[in-house]
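The two complexes that follow have subunit A in common; it is paired with subunit B in the first and with subunit C in the second.
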Partner chain A sequence: MAIKMERRHSVLGKALPFIDSRQKVTGKAEYLADLSFPGMLEGKILRSPHPHARIKSINVDKAVKLPGVWAVITARDVPANKFGLSVPDVNILAIDKVRYVGDEVAAVAADTAAIAQEAIGLIEVEYEELPGVFDTTQAMEPGAPLVHEDKKGNIATTYHIKRGNVDEDFASCDFIFEDEFETSLVQPAYMEPMGCVAKYESNGRLTIWTSIQSAFQARSELAKALGIKASDITVNVPYVGGGFGGKIWIRNLHPICAALAGKTGRPVRIVLTREEEFLTMRPRVAAKIKLKTGVMKDGTLVAKEARIIAMNGAYSWAAPKIMLNMAMRTDCLYRYKSTQTFAALVYTNTVPTSGFRGYGNAQMHFAVESQMDMIARRIGVDPVVMRLKNAVRQGDKTLHGWNVRSCGLSKCIETVAAEIKKGHDKNYDPSGRFRRGIGIACMNHVSGNRSGDNFDGSSATVKFQEDGKVLVFTGESDMGQGAKTVMAQIAAETLGVPLKDVIVSPFINTDVAPFCLGTYSSRVTTVGGNAVLRASQQVKAQLLILAAKVLDTEPNNLVIRDGVVSLIDNPEKKLTVAEVCRIGIRTRESAGLASTVSYDPPTEGTDADYYGDYSSAYTYGAHGVEVEVDTLTGTVKLLRVSAAHDVGYAVNPLGVTGQIEGGISQGAGWALYENLVLKDGFIQNTSLKNYVIMTIKDMPEITCHIIETNDPIGPYGAKGIGEPTLIPTPPAIANAVEDAIGVRITSLPITPEKVYRAFNNSIKEEG
Partner chain B sequence: MLRDYIVVQTIDECLQLLQGKNGKARVVAGGTDLIPQIEKKTQQPAFLIDVSKIPELRTIRQDDGKIYIGAAVTHAEVAASSLIRQSAPLLAEASLAVGSPQVRNIATIAGNVINAQPAADAAIALVALGAKAEIISTGGTTEEYIENLYLGVGLSKIDSTSELLSRIYFSPIDKNQGTAFLRMSPRNALSLPILNIAVVLTIDDSFIQDVRIALGPVAEKPFRPLLAEASLKGSRPDTDTIKKAAKIIHDECSPRDSLLRGSSAYRRKMVQVLSETALLKAVANVYPS
Partner chain C sequence: MDGLNALKMTVNGRNIEVRVTPDELLVDVLREKLRLTGTKKGCGEGECGACTVIMDGKTVNSCLVPALKAQNSEIITIEGLEKNGELHPIQEAFIEQGAVQCGFCTPGVILSAKSLLDQKPFPSDNEIKMALSGHLCRCTGYVKFITAVKTAAAKLKRVEQ
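Moving on to the complex of A and B:
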């Protein structure tokens, strides 16, 4: 691992282990399933066994009578409010019909999980099976069965976004290439299954404990579902065992758990089994992408037109927003003259798709970055040269109105291209069984994403305590990626205190935390960090006023270093931060030494046509990969990955490289290993036994390069890194496979059988 | 509903308990297959008789020119045993391919046979070795070739509610024999095989005198490609012969189409690739006589 950077700070920029890693590796950190409350009941959910069926009747009599059962609920017992995001189309429990295998039908609260599960088995549901639509082609056929009767043609949403004059520009191109790509269903597959504890307090308010990326979004969605006020709900988030975008939003289990708690008057806990997770965990939105690109002889990109049809599943959740990202974001990777996208999101009787690391941008990158290599080959231009020729640069205003304030894209491309070429022996057994190839792909992404004119910031509370220790309170989740450590480092650096003196609240509580949107869009280091930075600056100013009074000087004559306040000109005249705090707190000084800041970044947001500079900071990266293909079996082995990411400034290089390694494992998993297989609406692999995730023994050699461009908006120049690390991996692998064996795979995953068939058409369909 | 879990110290104690519980008790050793089956209610014993503490079931030894492996010996122990690595390297490799370190530390080689899955790695190696199982019940002791213990997928002839597989034995690999164990799997650890193959090949006077090949999962039980074996016997172990045999295996096996493991046609091609590689490896492993 090579990290070369200049360091100018005392706490920032250091490769530090996460502040909570000791609790985690010793098993002491408490996750949702570890929490227990007096009188707590266990909840279980009855799920649809059919992809599409009318519910004719539900009889709960036997379940209710089972000893140990406290409540059995169906749609009749819960509010019928539709909830969900931009297209609210889901009920807490299915009314009249079920729309996918796993759809929630009824629920039980009982003394133990075993009794609850037994009661679930006693609920009698009479279904009338209905014909279903299991892929987008079926769903769009004329007269196809409707998933939702009010959604004609099974269309959840469509977009048409056009910039410039594509027709004119295509007409002026030397070449036009049209190719089709397809991406698959993959699961976030976080380690900790989702769960919830719901409890009604004596004052009538609802308390929720749940493992989620966005506590405040959970609160507002729950309020929508239950038909109560958000301010009557407290959402607490304990340690979170991974999220990857799959835990941004609530699922039906949350309002179900609340309804069971309401009906029984007791705390109720629901923790999903792994099988339930595989049935209902929201997979990545699968897309069919037709890409038309106009290019000049020298490799200059001119115009791009995309037609996307994507699988929504039975309910909408975040898929409409994901489609929007898919439709737009890659238009800002290169300097196209004009672009146009037609996108349709289509209902199917399958598990709802939603957010997963990359949020639509990853799907489109597979198409765009695959086609870049295909075009480069066709016109005889080096794919690295072609990317560099077209890459956006700092100072650009992109087609969608983004102001590129910092951009290390070209540097990332050059870095990985040079490194992956250097280690690659082109003459490695060129006609043998095992053939090697290299490929690169690059990417752009965001750090925060202002929707329209809405808030896109973050808030934080920072306060000194009477012994000089600092408490940082935020509403942004740490799912394991290190947000707490980043917040602590920013607070320590800004305040001039040692990292060990900073405590970051180990859980989130929406009654206490200032308003935060949550951890998604790779936004938390950038916007959350900015909130902590500003709150720290304010608290520091308060402390310096008090210290100046004691030291008989002016605040701007003082400096704080390593927990000591001293005169700049006379370092012998000093006080420790702890001494200042003791003088200020619990005394008649009544110094607050606390600050809450709500920060909103200076970005424009978007107009009705989605035009505008909407993110705090745009991120760039590139991956170079080397693969070895077994031509007899079609197996692709990922040998090496060289990764370079423009993170603006690396607050914690160890955290950045951890993100890069994790993103590569999920990106390579998507390209080569993972695949949620559906047959007529039924998921064929509902366990980790046959949903294949890479292990450490499958991981390639990885070299990480952190490219620093010092973003003007990000705190200390920092930008996001969470999602970008996954995005370039699949297209880089597809490009390397073609380099190795001369065969282009345009659909994910790149399975051995697919490679084998493409490479060797001798195989005949038999029997 | 499981009522009790009884740890026994002797074979007699086990057999008496099995008889006394009259079909309601079942033998358990590692439990890595049985416990999930109980969770899924596909097995519903009232009593579990844990035989993993019976001393004589815990040993690997050589006696009278045979290798004996006790029924409660784990995959980790088989894989680490210098006796097995010398006398049956394919079995050591097969046991090392099972599950994860945690699974191999408790799962037993006898369980791999009794669970009767057609692709159980160690069982595939045992079939190629021509291993036999010793089965004890209150009625006495019987012996049976492991490949004859399969009634169907997941269904063993051994009735663990009344009898005990006490040990497995086979002849050690001789210096004129070569072996191979290979598998294809979707990842390098913790993975069920898409295909696995074990080969034991005997060469006398530059001719293949005997060969045993076992493959999984291409049938309801470990598959012996008898036509290919016959074609090899009496032939010189050259590349042409082996290529032809691999093609015969391709033709005589019939893996099913699987959405997760691949189409039948692809899997047959892979059988051919894996068979050829394994046979070549086995030939190369024959010690010069």
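Moving on to the complex of A and C:
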């Protein structure tokens, strides 16, 4: 059912502060590391110092004897189940072999973290070092050492996805361009390190507290790892200190923590250090992308062929799914006639890679949107005109079968192009040391993602309490992006009550919350919002039936506004919502005034060839940027960003601009500064000292434009905004750099050294 | 000898005495011994600023301060800003301007903003950036920090009048 855009909303569409920000500014919000339980022990993990080695022996005798130590566990003490997603290939603790620096070997629970750490140092492991593979080229060489003996050629997974006839179409093109691109390893680097508290209850059930985006997925993966039933586990999610895709899935620390709790009979807490975060938490899948694009003279895109080789690291987790997104999504950005992608995900003896804001789509956008500009320059077409000529439009069915029900792509491109050009002084020091350039890039993404024929919905419980206050339960995490506020706004608007009367359960508990997939794929506003909307409608109907009985009328003669139920025709005849609730609850009326709805969006899902309309709503955006390049040092300074995002309908514009500004900061960091440097399998920068993220001083001037297209499936027309905000920034910056100094950087990050060398080479060639 | 030393300090206006070892850090004493968990630990090496507290009028990264260095000092943590259930104007401004997302860096940022506004009632954008440059925030892109500090400055001015 489509909800018509309604401009007379009382709670929606307003820039409202987040409902949980008071707890955060006072320091009262409790994050994982703030939780404490009587008798709680601290856990620490022994990690592999080698990228690839055979474990010959482990001796824990000295560690066990250290006073204050309660348990020391190795692979022998935990189930040997392999867990993970589509390619389960990881054990809780390493069996026989370690595959990357940081791989979990043993763990200790002790009275204090210091004792646990000391005990870790007393565990003696004898390793036989093995030759390793540290990049995808090495890993794919014939006869290369195998990361997993059963994964031939070190291939984790491959995809070949073909639509239309690329060979025929390439033959008919005026031009064919082939270019290569490379993206780097970057860390989500959320400010709150990952952690877990595990406790076995007296009834034998396992309780977990953890900072995670997906409580129910955590529960099922933990069950898989520990070999117990999901229904025997409760996952609680307290306040989450940022996630950005890095906290969707459990890591080894979760079942390790549970195993330590099981062995000691005490609650056990593990909180990672920042160094452990950098060594073992999952960076963005790094990819090498060869792109071949066929175009006509007028800039019409015809055919696209991509060959992607991406780094999986030592274990798979979400990387296979990320590869699939990388392989497909940009094919639906423009109206290509045909596309083909060959993709291979390759094991290496390095930190496993996984999801980070954009989930594969961001990597491919760097290639596609960089090449778009390169092609436009080569054939002499304005890059803005070329994008507009090829942009998908509302009503399109894309090559992969997406039904584009709402699309503001062209509007986004036009908006940022006009704005960034307007402020740009082309005559600014054109041959001097500092040169300015502008560039744009656009993007598409999803709001939810049905995998095959699986559930892609969400659930919510909404209920009135006897004083008229509303309680909303959801299993979708708020990691700071404002999900609770969006849910509260949707409930308040739908029910006709003031926002202050809506309470969203402050933490997630899988025993209480109805089943939800979790916060990823930019899905929560759209899919979770739809569940809250429907549950609210049902509860409202219940309330109106009761109110009609009391007011001696029919429910459809009534309206609820600002917490008051009244007759449409006679507003003087009224009851407050609180009065209706008092009449209905704890009385012989026995009115439920509660509803749980499980909502699944009306999308098809995908067939075995990944074809099909799989997302509730497709999102679009564009960034225009202006940079200043110091030709003497190669330093790129980001001066301005104009950002336009099609969010369908902005439930909370303050939240939307917060997402845009934050996404730009991460996108610019990825483009210019961030890079996990690997040397023979060892990460060289495991600290925020030398893994450089944007500070307040690095931020450009940002203008945000919210484009509304009223999506027919999204609640009140709303679509997702989380991931899209980072996607266009890196290619827009690369395009602006070429505009400024005439050289193209095709690999991330765009470091001063690369810019300096490329610029000086270009001068030599000219000279 | 248990290796413990008496540490006397004032925390949020209360006289505190705790026993600590010489290697204990101020952040751990605040968080674990005094249960003032509003002070966050994001990196443990003075890079992220989440553990910022005000010590004798100046902001410090409490993860770099040996607890005994706080002997006889006056400490203000985020828990010390709210008075009788009333938020400090800086706290109000951060809420109103949407400068809070995940909230993990927020306590430290607010304390640095307080220290700045205590010294400079109407800071320029550049002065705000300098004062907050020791804080890493991964959510907000910092833009709303600047509007929040300016809003707070205006609110504080009104309070004085």
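We take it that the second predicted complex is superposed on the first by the 753 of 767 C-alpha atoms of A that agree within 3 Å, B and C clash if a C-alpha of one lies under 4 Å from a C-alpha of the other, contacts with A are read in each partner's own complex, and residues count from 1 in each chain.
Basically, a residue touches a chain if its C-beta (ideal position, glycine included) is under 8 Å from a C-beta of that chain, and two chains touch if they have at least 3 such contacts.
Being a predicted model, the structure only gives us computed values, none of them experimental.
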Subunit B versus subunit C as contact partner of A:Glu192, first or second or both or neither: second
Subunit B versus subunit C as contact partner of A:Pro352, first or second or both or neither: neither
Of subunit B and subunit C, the chain that contacts the larger number of subunit A residues: C
Partner chain in contact with A:Ala29 - subunit B first, subunit C second, else both or neither: second
Which of subunit B and subunit C A:Gly717 touches, first, second, both or neither: neither
Which superposed partner A:Gln684 touches (first subunit B, second subunit C, both, neither): first
Partner chain(s) touched by A:Gly262 [first = subunit B, second = subunit C, both, neither]: neither
First (subunit B), second (subunit C), both or neither touched by A:Gly496: neither
Which of subunit B and subunit C A:Ile702 touches, first, second, both or neither: second
Overlapping contact positions on subunit A, where the subunit C interface meets the subunit B interface: 689, 693-697
Interfacial residue positions of subunit A with respect to subunit B in the complex: 632-633, 635, 673, 677, 679, 684-685, 689-690, 692-698, 751-753, 756-757, 763-767
Residues on subunit A engaged by subunit C in the complex (per definition of touch): 15, 17-18, 20-31, 33-34, 36, 188-193, 239-242, 244, 273-274, 479-482, 654-655, 657-658, 660-666, 687-689, 693-697, 699, 702
Contact set on subunit B toward subunit A in their complex: 184, 186-192, 254, 259-260, 262-266, 268-270, 273
Complex interface listing, subunit C residues touching subunit A: 31, 35-45, 47-48, 50, 77-79, 81-82, 87, 91, 94-96, 98, 100-107, 110, 128-130, 132-133, 135-146
